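Before anything else, here is the set of structures, which you'll find just below.
One chain, subunit A, links the two complexes that follow: it is found with subunit B in the first and with subunit C in the second.
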Partner chain A sequence: MKVDPSFAERVSKGTPFNAEACLNCGQCTALCPIGIHLLPRKLFRYVLLGAEEKVLEETDTIYSCLLCKMCEENCPAGVHITENVRALRVLLAREEMQLAPVEG
Partner chain B sequence: MSEDPSQEVPAPKERRVGVFLCQCGGNISDYVDTEKARATLEKDPGVAHIEVQMFACSDAGQQCIVRAIQEKKLDGLVVASCSPKLHTMTFRGAARRGGLNPYEYTQANVREQDSWAHTHDRQGTTDKAVAITRAAIARTVRSRPLEPIRTDTAPSALVVGAGVSGLRSALALSDLGISVHLVERAEKPGGQLTRWARLFPNDKSGRAIVDSLLSELGRRDNIVLYTRAEVVEKEGHIGDFTVKVRTSNGEKVTLKVGAIVVATGFEPYTPPKGEFGYGEDGVLTLPEFEELLGDGSRPIEFHGRPVRTITYVYCVGSRNPEGHTYCSRYCCSATSYAAIRAAGRDPHVRQYHLFRDIRTYGKYESLYERALKSGSLFLRYKDDSPPTVTREGGGLLVKVADQLTGGEGVEIPTDLVVLVTGMVPRENTVLTDVLKLPVGKEGFYNEIHQKLRPVETVVDGVFLAGTAQGPKNTAESVASALAAVSKTAGILLKGYVDLDPLVAKIDTSACTWCGLCAQACPYGAIEEVAEGDKRVAKVVPVLCKGEGACVPVCPLQAIEVEGYTHDQMRSMIEALASEEE
Partner chain C sequence: MPTPIKHTLGMLSDNLRKRKSVLPLSRRRLLSWTKGLDLPRGGATVLYTGQMYQMVPAINAMTERLSKMEGSWMSSYFGLARSMNRLFNLAGLMARGDPREAREYSGYLRNIVALLRAAHVEFGYLYEDDLYAGALAHDEGLDDALKAHAQRVQTLLREHGVREVITIDPHTTDMLRTVYPKILEGFDLKVRTYLEVLEEARPEPVKRLSESVTIHDSCIYARREGVIEQPRDLLRRGGVTIHEVERSAKATQCCGGPIEMLFPGKSREVAAQRVDQLAKASQRVVTLCPLCLANLRRAAPAEIEIADVSAYLARAYCPATTRATGSTIETGARGELMTPVPT
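And now, the complex of A and B:
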C-alpha cells in the first residue's frame, strides 16, 4: 500500500484525529473489555499511513467500540483514543453512509 | 627497588603467611566448602594463620587482616577470593596498613575461576579452591619485599586532536596549571562539531561552541596550538615523554611532556554507492542532511524544490553483523532532533522514520516523544527485511515492511531519503604505531576497562578522550575528556609517579646479548648496553609492564619477572598439579 497523508486529514475534518503520540505499547488492546483485537493501535496506524481500504474493512469493529475509555484512561502517551474512534465514525457516516450531520 | 639478585629468599618453612578464605557472602561458599578448605590448608608449610571470612573486602574483613598481620607477625599474605582485577589494590592496601610490604601479597581467584565456573560440583570446586590457594601460598613464601619504581613527571601534556574533546581537554589542563601542546592534523581546529548547526539537547550551534572554546584558547598563554601537524615520534615513558611533531612547514618540533591525551575523534560513516540508494539525487547521509537543515526557519528546499516528505533509514553502517557491529549511540537522538527542527520549519512536512530499534536513552527519550508529537511516523523493520530505496519516475520510492501492522508492505514516495549514518574509527596508522596504542576489534582505541578504568590505556601516561575510543555524543565526549584530564593531572601535579615494581630483570652475568628479548617485547622496554667488555640486555623499568614475553624466549634463562620468578612459577605449577591423598 502506498502512504497517503491526505486520508488522515480527511478523518480529522469533523472531529480532530490525533494518534501521533502513540508508542505502540499495546496497553489499549490488553485492557479492552470486549477484546477488540485491532483497536486501537493497529487501526490508528492504518489511518496515519493512509490505508483507507484497511480502515473501511473494519467498519464493524469501529462501531463495536463501547467508548468506555478504559484504554484512554490508561494510555501512557495520552492519546485521545475515544475521540479518534468518534472521528472515524464521523468519517464513515459522512463518506460511506452519506449521512448528513444532525443539525444542532 | 633493591637491585641485588643474590638476596636470599628464605626457605618456605621459615615464612609466616596469613591465608584468608573469603566466602563472598555465598558467591564462593555456596559451591566451595570453605571450612574444609581451611582445614586442608592449615597444615601447609609456611601457613602461620588461616581463617574464613564472610566478606574479606569489607571494612571489618580488612581490619581482621591488618590485626592478624600485626598480632601473628605475618610476613606474607594470601586472600582467596575474587579476580585480582577487582581487589589486588584493596588487599595490597590492607597489607601496607598492617606493616607488610604490599608485594608480599597474592590474590587467589577462587570465584571467577572456580565457584562461578563449576556450580554443579561441590567436591570439585573445593579441591580446585585448595589447589589455587596452595599455588598462591607457594608464590608468597618465595616472595620478597619490593619498592615501587618512582619517576619524576614533567608538568606539561600533549593533546592530539583539536575537536571538541581535544579543545576541552586542553582548556581544562590549562586551568590546572599544566602547559599544553595541542596538535591538530587538519588545517583548522574544531573537528566534526563545526558541521552541526544545532545540537541537542540545548539547541546550541556546534560552530558557536567551537568558536567560544577557541577564543578561550587564545587567551591562554600555556596552550600552544599546532595545525596541519602530526605526531611522528615518541620516546620515553610516563612522566617524561619526548615527542616529535611535524608542523605545517615540514619542520620537526621536539616536545617534552609528562602525559598524552589522545582525542583524535571519529569519521562519519559514508555508505558505498548503492547502499539504500546512496549516490541517487536526494539520498543524503545524516551529516549531509544536517548541513541542508542548517539554521534556517523557512520550509526546507532541496535543489530549489520544496521538500514535502522526508524518509529516514536508521542504523545505516551500524549494528551490521557483516560490517560495523556496534551501535553509534548518537544517531537516534540526533535524527529525532533533526525531525523536530524540520517539523518546526514546516508543520506540513511528512516524516517517516524506518528504524530497527530506537535508542534515545536517558533524557533524550523526550526528543523521541517530541518527534512523535510533531507528526513523525515511526515504522519498524526487521533485520532480515531492510527497506529498499529506488528511483521511480521522477521521484524516490522507499519500500518497507511495517512490523507494527503485521508486516504490511508500505510504499513511501519521498523527496528526500536521509540515511542515518553512524560513526566509524579514523584512519590513524602513524599515530597508532608511534604511540603503540591498542586498537579494539571495531577499530577504535581501547581503554583498559570500560567501567573501572575508562580513559586509561595499557600504555602508561597515554589517555583517551572522546570518540577516538568509540561512539559518543558531544556531552559524553566532553565528560570523557574531563575524565582524561583528571587522570593526567593526578599524575602531573604530584610531580612523580609510582609504578609497579613487578618488572623484568636481567641476570647480566648470564646474558650474552642475542637480542631475542628485545624483539619479543611489545613495549620497547629492553635495550642493548655495554657492561665491562661485553654487550648485555638492560630493562628500562618504567617502560616494562612485567608481562613476561621476554622470559621464555631467552635461551640462557637470564630473565625473570619480579614477583613471578622461575622459582615462584615452578612452585605454583607444582602446587596446582599436586594430588590430595
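And now, the complex of A and C:
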C-alpha cells in the first residue's frame, strides 16, 4: 500500500478533518441507515495513514453517505463524522474531478 | 451503480455558478405561487423560500429520469450532457415537473404566507432575488462554487436592507443560519424558521382538527437546527394527536433524499424502510421538509397519506378563505383532484 504522509493535510485544506479521537467502537457503522460497509471508521483510518489510493477506491461510498448525522449524534468520541466526509468530497471535487465551475 | 458522479456534480456546479441554482427554474415556475398575495417587495424582514418548494416537482422529474439511466448505457453520455448543459439549460429541460405537483407545492407556500399573516407577522419577499441557498453544493463538497454563490446571496440581502429572514425548509435554514456565518465575513442576519416564528407568536386556532398523525422529523431540523418541539406544539394546539414513531426527534431516520440524484435506487430503498417505520405509528405522516415529502411519497403505498406540516397548520389556524384547499394538499391523500388555490 502506497502511503502519502501529506494526504491528511491535503484533505484538511478544504474543511477541517478530525478523526484522531475515533475509538473504533463501531457505533457509527451499526447506526448507518444506508448500511455503508466501511464508513467511517476504516475510511478515516486510511486518511490518517495517508493511504490515498484506498480512499479513492471508495469514491462511491464517500458520495453515498446521507450526511444525516445519525452516527455523529451518537459518536462517544465526538468525531465530526459528517464534516470529515464533506472534507473528502471537497478534496475529490477539487483534485480528482477538477470540478471548478466552467465560466461562460 | 450510481449515476456518473463527476459529470452529475459538474452539471450542478456549472448551474450554480452560471444560473444561480443547481436546478434552474423559469421565473414563472419560481414565482407563480405569489400571484394575488400582494407580498411587499423587500423589507427588513423577508420570507425566504430558497426556491426549495418550487424546485420539488423538477427534482421529482429529474430523479425519475436518473433512476432510469442508473447503470444503463445512457450513463456513458453524461459527459456530453454536461457539455451541452454549459450552452443551454439542459437540466431544466430534463426536469419539467408535473403541473399538478407544482400546484400542490405552490399551495404549501401560500399556506405558509396565510399562517404568518394569521399570526400578524409582517414580512416582505424578494421575488427574483429569493435565490437558492446552495445546500446541495455544500453537501457534495462543491465549496468553490458554493462560496461564490453565497457571496451573491449576501450581496442581494444587503442591497435589500434585510436584517431578518424567515425560512421555510430545513436546508435553507441550515445554510443561512449555520453554514453562511462560517464561510462569509459579516453574515449576521437573524434567521428563524416560520415554525419558530409561529410558535413564538402563538396564533389562536380557528378550528380543532381532531386528527391523528405521526411526524417524520427532518435530520437537519432535528440534529443540526434544534427544530423539534415547535411543530409538535403547534399541531397539538390545533387539535392534532401525534403518535410518535420509534425513531423520532433527534433519533429520526433519514428519508434517503440527500442521495436521490447520485444513487436513486439506494435512495428509494432508504425511503421505503422509513415509510415502513412511520406506517407502524400512523397512516398519516406529517413532514417538515419538501424533499422528505417528495422522497417518502415516492416510496409509499397509496394508503399512506403524506403531507407538509403547513397543510395541517393552515387548516387549524387559517380561515378557509385564506388558505389553499383540496384533499392532496390538506392531508396528502392521492388520486383526488385539488380545488383551485385561492387568489
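Heads up, the rule we're going with is that the second predicted complex is superposed on the first by the 98 of 104 C-alpha atoms of A that agree within 3 Å, B and C clash if a C-alpha of one lies under 4 Å from a C-alpha of the other, contacts with A are read in each partner's own complex, and residues count from 1 in each chain.
One rule holds for everything that comes next: contacts are C-beta pairs under 8 Å (C-beta built on N, C-alpha and C of every residue); 3 or more make two chains touch, one makes a residue touch a chain.
Bear in mind that the values here come from a model prediction, so they are computed numbers and not experimental data.
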item	value
Combined model on subunit A where subunit B meets subunit C, clash or fit	fit
Which partner, subunit B or subunit C, touches more subunit A residues	C
Touching partner for A:Asn24 - first (subunit B), second (subunit C), both, neither	first
Which of subunit B and subunit C A:Arg10 touches, first, second, both or neither	neither
Partner chain(s) touched by A:Leu49 [first = subunit B, second = subunit C, both, neither]	first
Contacts of A:Arg89 with subunit B and subunit C, given as first, second, both or neither	second
Partner chain in contact with A:Lys69 - subunit B first, subunit C second, else both or neither	second
Degrees between the directions from subunit A toward subunit B and toward subunit C, using C-alpha centres, nearest 10	130
Subunit C versus subunit B - closest C-alpha approach in the superposed model, Å	23
Sites on subunit A touched by subunit C in the complex	14-15, 33-34, 59-60, 63-64, 66-70, 72-73, 86-94, 97, 99-104
Subunit B to subunit A touching residues, read off their complex	350, 352, 369, 372-377, 402, 404-406, 408-413
Sites on subunit C touched by subunit A in the complex	2, 5-6, 9-10, 13-14, 16-18, 86, 138-145, 148, 219, 223-224, 250-251, 253-254, 256, 258-259, 262-263, 266, 270, 273-274
Subunit A - residues contacting subunit B, complex	1-3, 5, 20-24, 41-42, 45-46, 48-49, 51, 77
